[in-house]
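Letters are used for the chains, namely A, B and C, taken in the order the chains are written, and counting of residues starts over at 1 for each.
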Amino acid sequence: MQSIDAAAATPHTEDSTQRIAALNRNDKPFHVVLAQQFDRQSIEQLCQLSDMIRTIANTRQGTQFLRTLLSHRRAMLYFIQPSTRTFLSFTAACQILGMPHNEVRDRSTSSEVKGESEDDTIRVLTQYFDLIVMRHPSEGFAEHVANMLNKMPRPIPLINGGSGKDQHPTQAMLDIYTLLRSLAQPKPQRHAPRYTADLLAGKTIAFAGDLKRGRTVRSLAYLLCRYSGMRLLFIAPPALQIGDDIIKYIERHGIEHEKLDDIRPVIGEIDAAYMTRMQDEWDADGESQSIDYANYSLTYEMSKRFKDNLVIMHPLPRRGEIDERIDTLPQAKYWDQVKNGMWMRAALIASTFNCDGAIRDHYYAYYTY
Amino acid sequence: MQSIDAAAATPHTEDSTQRIAALNRNDKPFHVVLAQQFDRQSIEQLCQLSDMIRTIANTRQGTQFLRTLLSHRRAMLYFIQPSTRTFLSFTAACQILGMPHNEVRDRSTSSEVKGESEDDTIRVLTQYFDLIVMRHPSEGFAEHVANMLNKMPRPIPLINGGSGKDQHPTQAMLDIYTLLRSLAQPKPQRHAPRYTADLLAGKTIAFAGDLKRGRTVRSLAYLLCRYSGMRLLFIAPPALQIGDDIIKYIERHGIEHEKLDDIRPVIGEIDAAYMTRMQDEWDADGESQSIDYANYSLTYEMSKRFKDNLVIMHPLPRRGEIDERIDTLPQAKYWDQVKNGMWMRAALIASTFNCDGAIRDHYYAYYTY
Amino acid sequence: MQSIDAAAATPHTEDSTQRIAALNRNDKPFHVVLAQQFDRQSIEQLCQLSDMIRTIANTRQGTQFLRTLLSHRRAMLYFIQPSTRTFLSFTAACQILGMPHNEVRDRSTSSEVKGESEDDTIRVLTQYFDLIVMRHPSEGFAEHVANMLNKMPRPIPLINGGSGKDQHPTQAMLDIYTLLRSLAQPKPQRHAPRYTADLLAGKTIAFAGDLKRGRTVRSLAYLLCRYSGMRLLFIAPPALQIGDDIIKYIERHGIEHEKLDDIRPVIGEIDAAYMTRMQDEWDADGESQSIDYANYSLTYEMSKRFKDNLVIMHPLPRRGEIDERIDTLPQAKYWDQVKNGMWMRAALIASTFNCDGAIRDHYYAYYTY
């Protein structure tokens, strides 16, 4: 049996070809475990598929069609790490596709698992379910399970809903979907290949806040490196700047970047601002208390200097990083981001079960004119 | 943003025309927040709709029809205050209408909401769901949220499943449904306008127990004031009598009423007895321990003096207020009341999404002859 | 009202004709409460029905058919005793049959049940649901509830999902299903009456481990006594041997049996090995710490001596009783056992609602050639 630590120890900043290939075998289910698994073509296809699903779901007969797609499969949401938002997003995605689901939210409450290895618990679940969506506190555990599943007689696919401080690939996918979808506005002519354009070329994309400890920025950075021609600004308190592993990864891909410690002087140049909260739950000794977060926040006064097409994103929850009065401005995309997550997760689940073809056929048959 | 305290401070004993209008705008979804929102016509229509749904659900093809009505919508049961009974009643109502649902039962278990305002939490939920059913410990919070939803680009309807010590409008609706339905027995000729008659005229309706601290009696009192010609008896320990605000409300509507402190002498005159338990969880210092609850209880011996058509109700849970041997008497309607709650909640949800017409059409097409 | 203690006190080792008849009345729903309720014919029919359901569920149109069977009913999973495995197995079974379900997992979290008798709680649930699946810590409680339900105006069926240390009839049914299905391999010619043969005649069936405190072995023993011609080995530490009540029951049925305290000398003679873990959560004072469990465990080295058709079973969770390297051997049937439980529970629920005929018709119409 592969050790969890061994999996976790593999550096995540490399496109570990071998690891990705193991998750992506032709003779096994497709497992969504690492953001690095997605190349530019798959990003574009999934964004387009998400658009199609949301358009189809806009009509009553469309929702009925979608609900037939996976009504013959069952999903297990194994969410051992507390999470409401991601959990609800996945359950909504399952419901859109008509897929019955069940959940395990707290392994410790079950008397039945006393003394049982977690591998055995997972093996039992694979007998009842056709998909595991997993959120787990241990880095590398989702990858370990995906590899374990591949060794079973009837492997089922796994989707990583967040593992430890490290990977959260579906969040990364919804983030890039929101970014590309917002930049592609105003909507191109129907049928036009919306996501194949170089939407990021020439854009300035800022990440602001606690970049060291937030995994969403890390995961999104991997996906951005599938594109070129943009400039990345990492705006953080020096003690909480983005990790060197990410910087090296970006440099290897030839992406222009800069480290700053105040968003205010540059707000007028930015095309997309990815705001994040202080992750003070990781503080050893309250060290982030002394940081003035005004440098990494958007006030209503600053909105005068926003570009018209600025894309403001936030993985949520927010604290004070974005003034509530910004919520109703056209630049605010963080509520859309929530909804985009639901559509993107539906697209990922549908793809896992090879329903993307049926969705495309239905879309072209009924929703284009 | 409207303050919660401001909303809660508005006196609930008035038919606050302005507040009700805000919940009932033509250009916004219909929010069920206050018992006072329902006039006599809407009470009658909802009782009739509940009857239709239960009749339709009695056949297999009927249940299949009902399950198509809202299969394209999703409900969020945001039940922050512990509740099993109301929660299950709403989930059963959703299932009758084929509506997928999800739940948030305990906001504190989510790591994601740390530091997030509850308004933001709700805003996130509106991205995933088409309806919020809310049970919340804070008075006025449901109303605050309804008004907040109306300001969002895509407002969704809200149903108040109980807010604090104050309002529980769906309980009030199921109570009046049970009362009217029981008094309308024996069933009038099919097709007859069952609920438009003056069913309460000349009836003596008693409320017994801890009337000060039980919100169900308060909410039901609002609805009874849509009717006339009945006599209300409030039978409670003096320290736990019904609030003066309710008495004033009743007097303003010209309803005859009396305060008593023992049900035993009057049991033979009563047409409907709404029994309630001691709400001793609100005791500051065990002050209700010394009260002899026999004055506010029904024993099996008393059943000899029951009117034949007496309607015994109880919001449950019961302790000793009703002897278990009464359960099998025809006068016991408290188990029906539970079931009526499920049908009434289905009727309310269906109405919220304008499915009442489809239900009526189906009913008249297939279930009358 | 029947007392719970009275029910529990009735000796469970007898085929208590009267108790079984009460659960099995023609004018009432069929309640699955005791393993002893199943005679050989009903075991065979349920095994066959389970096979049919799994075959039908193997095609997409088959799953769609199955999901229409109980879409007009609703199940309550009242699982007061912590359980994940059995709970998920039942929810999966409900989903296979398209039956919406709800759950009560922890009675104590509900503010509404404060001071309410558990009988009242159940009475309320019967108003919302068409089936109760119950897991409860008290011995005899499921039987008490079944009898209480039969006294209500609209009785609904109950399935016992495990009551106290005593009965777990659906586990017993999945165990015997796994045993018979495995012994019937290689699969007889299609259409052949697979389960009516004397599959156990001449077989040696071993139970190993903590036989005193594990209820699965007890329940399975009742069902095995419907068969004859086999030899049972009870292999346990002397302090944890199978109870005398079971031995007497077996002797009354004329089944050959033996008590041993080491599996290693006899492993080569065994046709079926039912392994169990130490139930040390029942220890008063850690008395089982000193037991060497190697005598009751299967190591990889021992697999050389396994019969080719040995059937290795385990109710799970396992600790060290079965080496993980045995998992991939053809003799390992414990993962199948998990899946068999889901199919058998679907068969039991379907039978409870008299859907077995529809399933058989569908099977013979589409899945035999």
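In the analysis below, a contact is a pair of C-beta atoms (placed from the backbone, for glycine too) under 8 Å apart; a residue touches a chain by one contact, two chains touch by 3 or more.
Nothing here was measured: the structure is a model prediction, and the numbers come from that model.
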Between chain A and chain C, two copies of one chain sequence, what rotation angle (nearest 5 degrees) aligns their Cα atoms?
120
Can we say the copies chain A and chain B touch using the same residue numbers, with more than half in common, or are the two sides different?
different
Please report how many Å separate the Cα centroid of chain A from that of chain B, as a whole number.
42
Would you pick out the residues of chain C that each touch at least 2 other chains?
none
Quick one: which bits of chain B touch chain C in the complex? Just the residue numbers, please.
60, 63-64, 67, 81-86, 88-89, 91-92, 95, 277, 281, 316-319, 324, 327, 335, 338-339, 342
Contacting residues of chain A [partner chain C, same complex]
1, 71-72, 74, 76, 100, 102, 104, 107, 109-116, 120-121, 123-125, 127-129
